[in-house]
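Just so it is clear, A, B, C and D label the chains in written order, and each chain counts residues from 1 on its own.
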Amino acid sequence: MKKLLEVALGILTAVGGFVDIGDLVAATATGARFGLALAWVLVLGVIGIVIYAEMAGRVATVSHRPVFDLVRERLGARVALANLFASFFVTLLTLAAEIGGVALAVELLTGINYLLWVPPAALLVWLVLWRMRFQVMENLFGLAGLTLLVVVVAVWHAHPDWSALLHGATHPAVPMGEGRPTYFYFAIALLGSAMTPYEVFFFSSGAVEEGWSTTDLIVNRMNVYLGFPLGGALALAVMVAATLFLQPRGIDPTHLSQVALPVVLVLGKVGLAFTIFAFFAATFGAALETGLSCGYTIAQYFGWQWGKYVKPAQAARFHLVMLVSVVTGALLILTTIDPIKLTEYMLVLSAAALPLTYFPILVVANDPDYMGSKVNSRISNAIGSVLLVILVVIMLAAPPLMIITKAGQ
Amino acid sequence: MRKPLLPVVPALLLLIAVVLAGCTGPVRSFGVYESKAARTAKEEASAVENARLVVQAATGHKAFGRYLSQVLTETGDEASSIQSTFDAIQPPDGRSDQLQAELDDLLDAAATTIAALRTAARRGDFGAMPRLAAPLAGVSRKLDEFARAHQ
Amino acid sequence: MIDAGLMLLDRQLIDADGMLAGKVDDLELTFPEGGGPPVVTAILAGPGALAGRLGGRLGHLVEVVAARLRHPEETPGRISFGLVKRIDSAVRLSAQRAELDTDRVESLVRDYVIRRIPGGDHAPE
Amino acid sequence: MRLSELLHAEVLDEHGRSPGRVQDVRLVQDGPVVGSFGAAFRVAGLVVGSTRTFGVRLGYDRREVNGPWPVKALITYLLRSARYVPWERVRSIEADRVVITGSIDDLQPPGSPG
């Protein structure tokens, strides 16, 4: 019974923790500009994160080695260092975007300029990283993130033409006035939102933080196989809401407030209150995950003690990296760079950096020295390989597309 | 002896710099000016439609005043940024001058109306908003037509 | 037999208490006095050892930083192979990390930064 | 000497021909007893070949990593020219260069260390 509760809690926090500023921005932007013509990319992205997060969780559970530890072992000190630069840079940008998202959510609530909320938001993020136990942190913000269900309710109450939506999703076409490069540019951003590199850093390190053993492999599978697709469904709901309310009017969203607009129109003030809370919970939870991931990647490359399962004094350099990362992220937002634009860039760079993380996971998940009998099944390998090919193509295509489309304008 | 380490970070920074720098540049022909004007009209139409949606929320008492004035402030800022970006481009010839005049009228009309809405929202005068917003429907339609005509 | 690059290099070091204590950044090989093939006598860990692996300008940069963080007359962090207890997916040591000379930077950061922030010495709640 | 001084060093035979660079160093545990570890590792030989591929450290060639097969096939192909040099054949070690006795023609593939 206790195990069952544990599994249920794990699934719920996986759902609530799935969506972050990247998903909100990418789903709204693509819904508003392309309707559901990019819904298939979200499905592909969810399949990708399910396959690779399951692998990373299984590897961490069986061998007690988190992802970046293995990146160093499999790629060698030199290549892994280049990888560390790229992965850390993208994760730091994501952290900055999430801190910006927290500040924007508070701005929506208070009407006071978001820049004033950046320092307190960053301080609060750091305090939680400094003092709160890992499991408490994960459950609290995972469950709070479930409030995003309000978007599903809003879509339901809007009584949309379901068959038209389904037709749009299953017959993807580039809408009038949009070019093919822009379509693929946003496809990459959307894929990046579902599969950001920090998610596997966090997920695999989390398995070590929580001391998972092989009996927890079932928990790992349930979290991933049920939690992530349901979390993806929340992102899909955001996309549908934008398709219903923003696309017909030709609105190209540029602010977080516009992500909330469809819910406001359907559910009114109560819906708005829930939405703002959900924005706060989702971005704050993700700020914690990315802040930790900044520490995880560097500490795991150098072999330093990391983790919240020990006192800060026992993982001194890990905590120092997190502290510096949170401050740097906050300073980046304080330069008055548009957090939404930053998010869009971050998503494309995330997608481009994915093979660097996913390839070593795929290799180690096949290594009997680490995995014993728990090596990858043929199905995992088949789907994992196909995805990896797609990701390598994306890595090569992203920079030219970014220039051709002027970052999706 | 060994290859230099992949210059990942400089490459990324360069990429971002290129993208950001690509936003504006000198315009020498009518064709380029026309496409910039069309793009401006499309962006402005998006802002105008957003304002209309906010008014719809306001009349139905569907949102807190703070949120409404927040969104209208953002929309107003966006409209003026669109206009100032467009006005910064020198029209290369006489035909472009005409295009500029035509579009600027629409941009002015939109900016004035959104500013009035913003003020009303700040004062909590939501009842007046539908009347104030009335011109936006026409402006939006004309912007849309303009964008289509000059694509 | 094992292949050093494949099964030893870049592996995680774990101390007697289960704490993470750095990586196998390099190995020290010693030629025996009576001749014959070199013997692995120590694990080298820390930035001074890592720099040699990276090579080039970057390696040089790491070396300069590392040299500032330790006494110049000392060689890079060295852990005698006699302290190794077991090698599996990590290299397990029979000493505590505080006893290793690879722990210097960690203890500097701990004593001068982390311990000075309130709560640094308490487990998270 | 450090292990890293051997890694990536170019290997040359008596005729100045090269089978590649040092990819890895094979160790055997039969040296003098050290501390609690028991017999120390002693260098048994060098794995030599192209070091310009990222596949050297993945374990597809010398260990039982078998999937996914396209990756296995690719890496095995890239590393097909790897050879094993027993330590007895190492004549001298200079900066970035290892000279071996005999010809490179009679070197065998490295096989698995286990």
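We take it that a residue touches a chain if its C-beta (ideal position, glycine included) is under 8 Å from a C-beta of that chain, and two chains touch if they have at least 3 such contacts.
These numbers come from a predicted model, not from an experiment.
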Quick check: more C-beta contact pairs at A-D or at C-D? C-D
Taking each chain's centre as the mean of its C-alpha atoms, which one ends up farthest from the centre of subunit B? D
So, what's the distance in Å between the C-alpha centres of subunit D and subunit B? 63
Inter-chain centre distance, subunit A versus subunit D - centres from mean C-alpha coordinates, in Å: 41
Just give me the whole-number Å value for how far the CA centre of subunit C lies from that of subunit D. 24
Between the Cα centroids of subunit B and subunit C the separation in whole angstrom comes to 57
Mind pulling the residue numbers of subunit D that touch at least two other chains? 8, 56-57, 59, 63
Interface hub residues of subunit A, defined as touching at least two other chains: 73, 76, 78, 81, 369
Going by residue number, subunit B touches two or more other chains at 1-2, 5
Given the complex, residues on subunit D that touch subunit C span 1-8, 23-29, 31-32, 34-37, 40-44, 47, 56-57, 59, 62-63, 87, 113-114
For the complex, give me every residue of subunit A touching subunit B. 78, 81-82, 85-86, 89, 107-111, 177, 245, 249-252, 254-255, 257-258, 260-261, 264-265, 268-269, 272, 345, 349, 399, 402-403, 406-407, 409
For the subunit A and subunit D complex, residues of the former touching the latter: 73-76, 79, 362-363, 366-369, 375-376, 378, 381-382, 384-385
Subunit A contacts subunit C in the complex at 63-65, 69, 72-73, 76-78, 80-81, 130-134, 136, 299, 301-306, 308, 310-314, 316-317, 319-320, 369-370
Please name which positions on subunit C make contact with subunit A in the complex. 5, 7, 9-13, 19-23, 25, 45, 50, 53-55, 58, 89-90, 97, 105-107, 109-110, 113-115, 117, 119-125
